[in-house]
Amino acid sequence: MNSIISAFSKGIEKSGIDRKKISMPSDVPFTPDVVKALGVDYFQIPRGRAIAFGTGLKLGNPSLRVVPVAGDLMTLGGNHFVHGARRNMELLIICVNSFVYKKIAGKPIPSTQSAFSPYSTFEEPFNFPHLGNSCGAIYTARWTALHTEELADSVAEALHKHGLSVIEVLAPGPNYYTDIDSIELELLKFYHENSTIKNNEDPKNVAIVPDEKIIVGKFTDKERPTFIDSYNVQHSKILGDKFTPHGGKNG
Amino acid sequence: MKADPKGVLTGSHTLTGNHACAEGAFAAGCRFLGLYPIVPSLEISERFLERAPEVGATFIQMEDEVSVLAAVLGASWTGKKSMTVTSGPGLSLMMEHLGLGIMLETPCVIVDIQRVGPALGMPGRPAQGDMMQARWGSHGDYEIIALSPSSPQEMFDYTIKAFNLSERYRIPVALMSDAYVAHLQEKVVIPPAEEIEIEPRRYYKGAKDKYLPFKRDKDFVPRMVNIGDGYKFHVTGLTHDDRGYPVMNEECQEYNVHPLVWKVRNYVDEIIEVQEAETEDAEVIIISYGATSRAALKAMEQARKSGVKVGSLRLVTVWPFPEKRVAELAKKVKAFVVPEMNFGQVVLEVERCSYGDTNTFFVSHGENGVENTDDLLSAIKQAVQADKVESGIIEFNKGV
Amino acid sequence: MKASPTDVLTGIYYIDGDVAAGYGALAAGCKLVAGYPITPSTEAFEAMCRRGPQVGTVFIQMEDEFGSISAVLGAVWSGVKSMTITSGPGYSLMMESIGFGAMLETPFVLLNIQRGGPSTGVPTKTGQADMMQSRWGSHGDYELIAISPDSPQEMFDYTIKAFNLAEKYRCPVMIMSDECVGHMTEKVVIPEADKIEIEPRRFYKGPPEEYLPFSPDPDLVPKIAKAGDGLGLYITGRVHDERGYPVKNEEFKAKYVRRLVDKIRLNKDKIIELKEESTDDADVVVVSYGISSRVAVKGVEIARQKGIKVGTLRLVTVWPFPDEKIIDLAKKVKAFVVPEINYGQIVFDVARCCHGQANVVLIPHGGAGVHNPLDISDAIESAAKEDKKIEGVVEFKTRLEKIVFERGLKIKE
Amino acid sequence: MKAKETKMKEIHSAPSKKGEIHPMENLLRMDRMPHIWCPSCGIGLAVTAFASALEKANMDPNMVSIVSGIGCTGRVAGYVKLDSFHTTHGRPIAFGTGIRVANPKIKVVVFSGDGDLIAIGGNHFIHAARRNIDMLVVCVNNFIYAMTGGQVAPTTPLAAYATTSPYGCVEPPFNIPYIADSSGAVYVARWTTLHVRRLINSLAEALQKKGFSVVEVISPCGMYYSRINKLGDGLDMMKFYHDNVEIRHGEDTKNLDIGFQTKIICGKFVDRERPSYMERYNQWLSGVKGGSRDEG
């Protein structure tokens, strides 16, 4: 997790965006020190509601740059994610996808599958970038906790995108519910041996499948009008002078 | 009916409250668990999953708590006894489907291992802040049954009782435990299967074309059938008549919803279980439930030793509230002392049911440890000294 | 502070309660409304969608009720006033986030147009069965404020009041209206902006490094900040100290969560608004709120014609509950009669505060309609005649109950 | 108005002539007719198509359970003579998941609307598709929340009017087949209520499919969507479908966006095999039971 935070911090630095203007709603319990070091506004909110909360922040004050960092993104927050992407709310979502080792019925399951289901690991995980892309996200990327440089670049790049961007980070992150055994090293080694960078790959093909290499990289980078843009355009068109555009482009 | 031996792990074990709860569920015949992981209820689902294959039970981990209870209700209609386990935040998300369970009169058990709230509170720390929520948390009118165990053995026993009550009254039953009892490890004796009494589901047995899913029998409970038995029934969350068809007018609302309340209110004597200790000659009675009962009983003994006549009334069923018994006792004693790990919930009911006959002292318990009796003893002291009946709850204050 | 003239649609209108509440929110300076369609509250959201863009209020229809309330909370922390609108089932879904809002001491307003429940119930008809839910629906200990208006004009007035209370005490405020009031069309007078008093947000104005988001003022309410001001906010839904940092010890729960509860309990006198009439020499007092209080007027009138001394007490703020008022009255009167469109909720609190000194009669109603005034007058009459003290809540057997359960329900074929 | 209503009632409740039985009587609840849907609504067509498909697919009606949510289409469960559940808003898929997992012999059909399944139920939709729960989801898409009076839905095309988008919809709509496909559905098709025969075939095929199948049925809403957007009545909408629908089987789901009164592409887009949830579950179970229990 630490590597992600420092990469995130580096990304902000690179992007040149004022840290004060960055808000980070998250269901990951960051410690006060980390938040202070990042210099952003942090909200720890109920599980899964980071995107919806971020939507409110952004609409209330369009000059904010909202970065939901989510651990529970696809479980409780799945709906907010797909709809946020459809609306193209201006958010940068960092989804920390932690691999969890968990035993079921005495059977150890190296769950290269999914953090979304630490128990029923016989389920297939989401192909996250593909889902994001199909719902309308304008920027999708995936990195592991090892790819700190790339991750920082990605963050810097995505912070300047107008629309919903999503970066999936595979990491031995803080699982919200369970204690994990110390697996960091083992996993990092696993990443090192099992990941391959393929930029601009069709997100359709980047599902994480056991025994195959994990594909990382930047997959989507396109432009679409954001929610606030189309809100302004449509209402100006119909209402004319009676309507004062909201916020303006990215504040 | 006796329990199915397949699910009963007869013997004497050392189990945590959570594990005992899972064993209780198996013994009661629970064969479906809907889950979404949340501290501090994890161990129940872990135990359940671990033993599910040998018992022949099914489970599913859903995407959120909302869908968990929906799935549990669906599973219950297939004829499998079903339950879910959760904690405060999860229970809040289940509120909508609690209402659906009430309206469809679907038997199921919701185990709530309470933690400190509101919001995220303190995951893993015990509290009793969801008691009122269990009673009032869903919209609309309903009555519910809630049990509160105070030890791992009781987690086992009352999980079975919860299933039995839910089958008997066709109602979701909440087992309101807390993180303290859930993580407490004690001896749990699981009796042989033939000694465990199980309430079978009340099935409809008449002609297929005459089945009415919400026609109340003499015992006030409509008879159930399973999906796939060929009855082709219809049920809806809308206000409905006996056939389960929506009819949206005042009369039908009365016809449909009033019995949902009566179903419990008319049977309170059968449902309610309280445990009394030394109440005959008591001057002060401690009314407690769940983990606080442990401190209450201790405090009672200590107070007796120092010469104060203290009794204890333990609410095993917190909902429906034992109004009658509390009112009777109120006439005999000088004061009630109510310790709760919250800022005043069930104490309001105690105040209501004492009808001005006695003082009600409230102790916000648990700050110095769940089994610590200091606050309770001082409150008892204060209670004995009080010479007139005050209007309103007297909140015991440590003088902070 | 006065309302901004651009937000106030001054004039005399003939509109329904939902729309009036929407206009009230705009007048109070609500700058973001997030909603999700649900009968019978949709009209309020629609009204704000129509008028909103013209006064600079953003609207967004979220994907579900979780989304709408979360967006509202987010908007408040970005510095604007915000509200959401829903009804029973949606309200149940919002429970987790309401508790979260209370924990973060987030000032927002929630308009709940109640309908018949439980579950889907009767979506198009009235009910008052979410009253207890508004107080107890989320897990853990918290207190909040609930207001129950009884006419479209009050929907307008009390929506503004709700915003003011929310800002003043930094807590969620529920407007617990019902379908009858929501869909009742009446004259609504919207005054000029300079006649509308608005409570400004209690923003922190000191040096950034000294800011403590949860350090209370003498009235136990802390100053609020907003995101993007460079204060380095650390806000969490866990139990937190003055700095907002999570704490892990039960002792702190007593210290910090306690204040959330006390801030309402100790300011009760300033929050509670009641409408009391002829209670001084009354034998029977009718306690009611929302639409039931309008129906009760007729019942009281009939009872008075029969020579019974009846007083009325209308709970405008239902939560916090006016314990002291009921305790005082209980010493003077013979009985309380409580008509509510549910099978007993607020009546239990009335009974609690009576301490056995007066009888308490509940006139239940399942919803999908309002009381028959004759039931109310009959209940008043029998309560006035009753000389014995009766323990517990007496449930009055209504005409409707007799019709349904004695004659049997006519199922439409 | 009143006279018309009673007239309609008379027509619907007239005793059938001797020996005359409604062909769907064993699958529809005739005692609940007349139904609540407005004239020109397409949901009725979808329901009869579904009933025909049940016959065509030779399903045992006792072993099929239908679950609906809230909304106009949410009422379908009440008119189909199967074990039928009318549940809460957005949750029919979750409810159906419970049924299917607890009793894998039951074929679950979720019949609901776009607002129910894709807006509030979006999360359950994508997760059930990911798990590949054996169920058929029939999503009737009328581009609007009709039951509550015409609010904007996540399927409402850009710039179309609705009561909560009084100045035109500002959000781009979902492409339902695309999202179903990308979350893992094994069968995805789209038809309009004009294509009854194709719809029946498609539904019959999907019923026999193992796994999460989605059939989107585009239906006219004469009362709200058409009225607010001035698109004429049901017949006009049908004509519009006739003129503007293009059938392209196997089209890449990413090209299936629907704009305001633009071309609609129909057809069967996805038909593939993936192990279903129960298959994976049983595989896991046999691993646990079958002696390969590893205590490590």
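The first chain written gets the first letter, and so on, giving A, B, C and D; residue counts start at 1 in each chain.
Everything below uses one rule, namely that contacts are C-beta pairs under 8 Å (C-beta built on N, C-alpha and C of every residue); 3 or more make two chains touch, one makes a residue touch a chain.
The shown structure was predicted, so the numbers you read here are calculated from the model rather than taken from an experiment.
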Chain B and chain A - chains in contact with each: C, D
I need the chain pair with the most C-beta contacts, please. B-C
Where the CA atoms of chain A average out and where those of chain C average out, how many Å apart are those spots? 38
Roughly how far is chain A from chain D, centre to centre by C-alpha average, rounded to an integer in Å? 32
Chain B to chain C: how many Å between their CA centres? 28
Chain D: positions in contact with at least two other chains: 86, 88, 119-120, 122-123, 127, 154, 167, 281, 288
Per-residue multi-chain contacts in chain A, two or more chains: 44, 46, 48, 76, 78-79, 82-83, 104-106, 120, 227, 231, 235, 239
Check each residue of chain B and list the ones that touch at least two other chains. 53, 60, 63-64, 66, 89, 96, 99-100, 104, 119-120, 236-238
Mapping chain-to-chain touches, which pattern fits: line, ring, star, complete or other? complete
Which residues of chain C touch chain A in the complex? 31-32, 34, 53-54, 56, 58, 60, 62-64, 66-68, 70-80, 82, 96-97, 100, 226-238, 243, 245-246
Quick one: in the complex, what on chain D touches chain A? 119-123, 126-127, 130-132, 154, 158-159, 167-175, 178-179, 181-184, 253-254, 274, 277, 280-281, 283-284, 287-288, 293-296
Within their complex, chain D touches chain C through residues 31, 70, 86, 88-90, 115, 119-120, 122, 145, 147-149, 151-152, 154, 163-167
Complex contact set, residues of chain A against chain C: 20-21, 23, 25, 29, 32, 35-36, 39-46, 48-49, 52-61, 63-64, 79-80, 82-83, 227, 231, 235, 239, 242-244, 246
List the residues on chain D that touch chain B in their complex, please. 29, 32, 61-63, 65, 67, 77-78, 81-88, 91, 93-99, 101-103, 105-106, 123-124, 127, 281, 285, 288-289
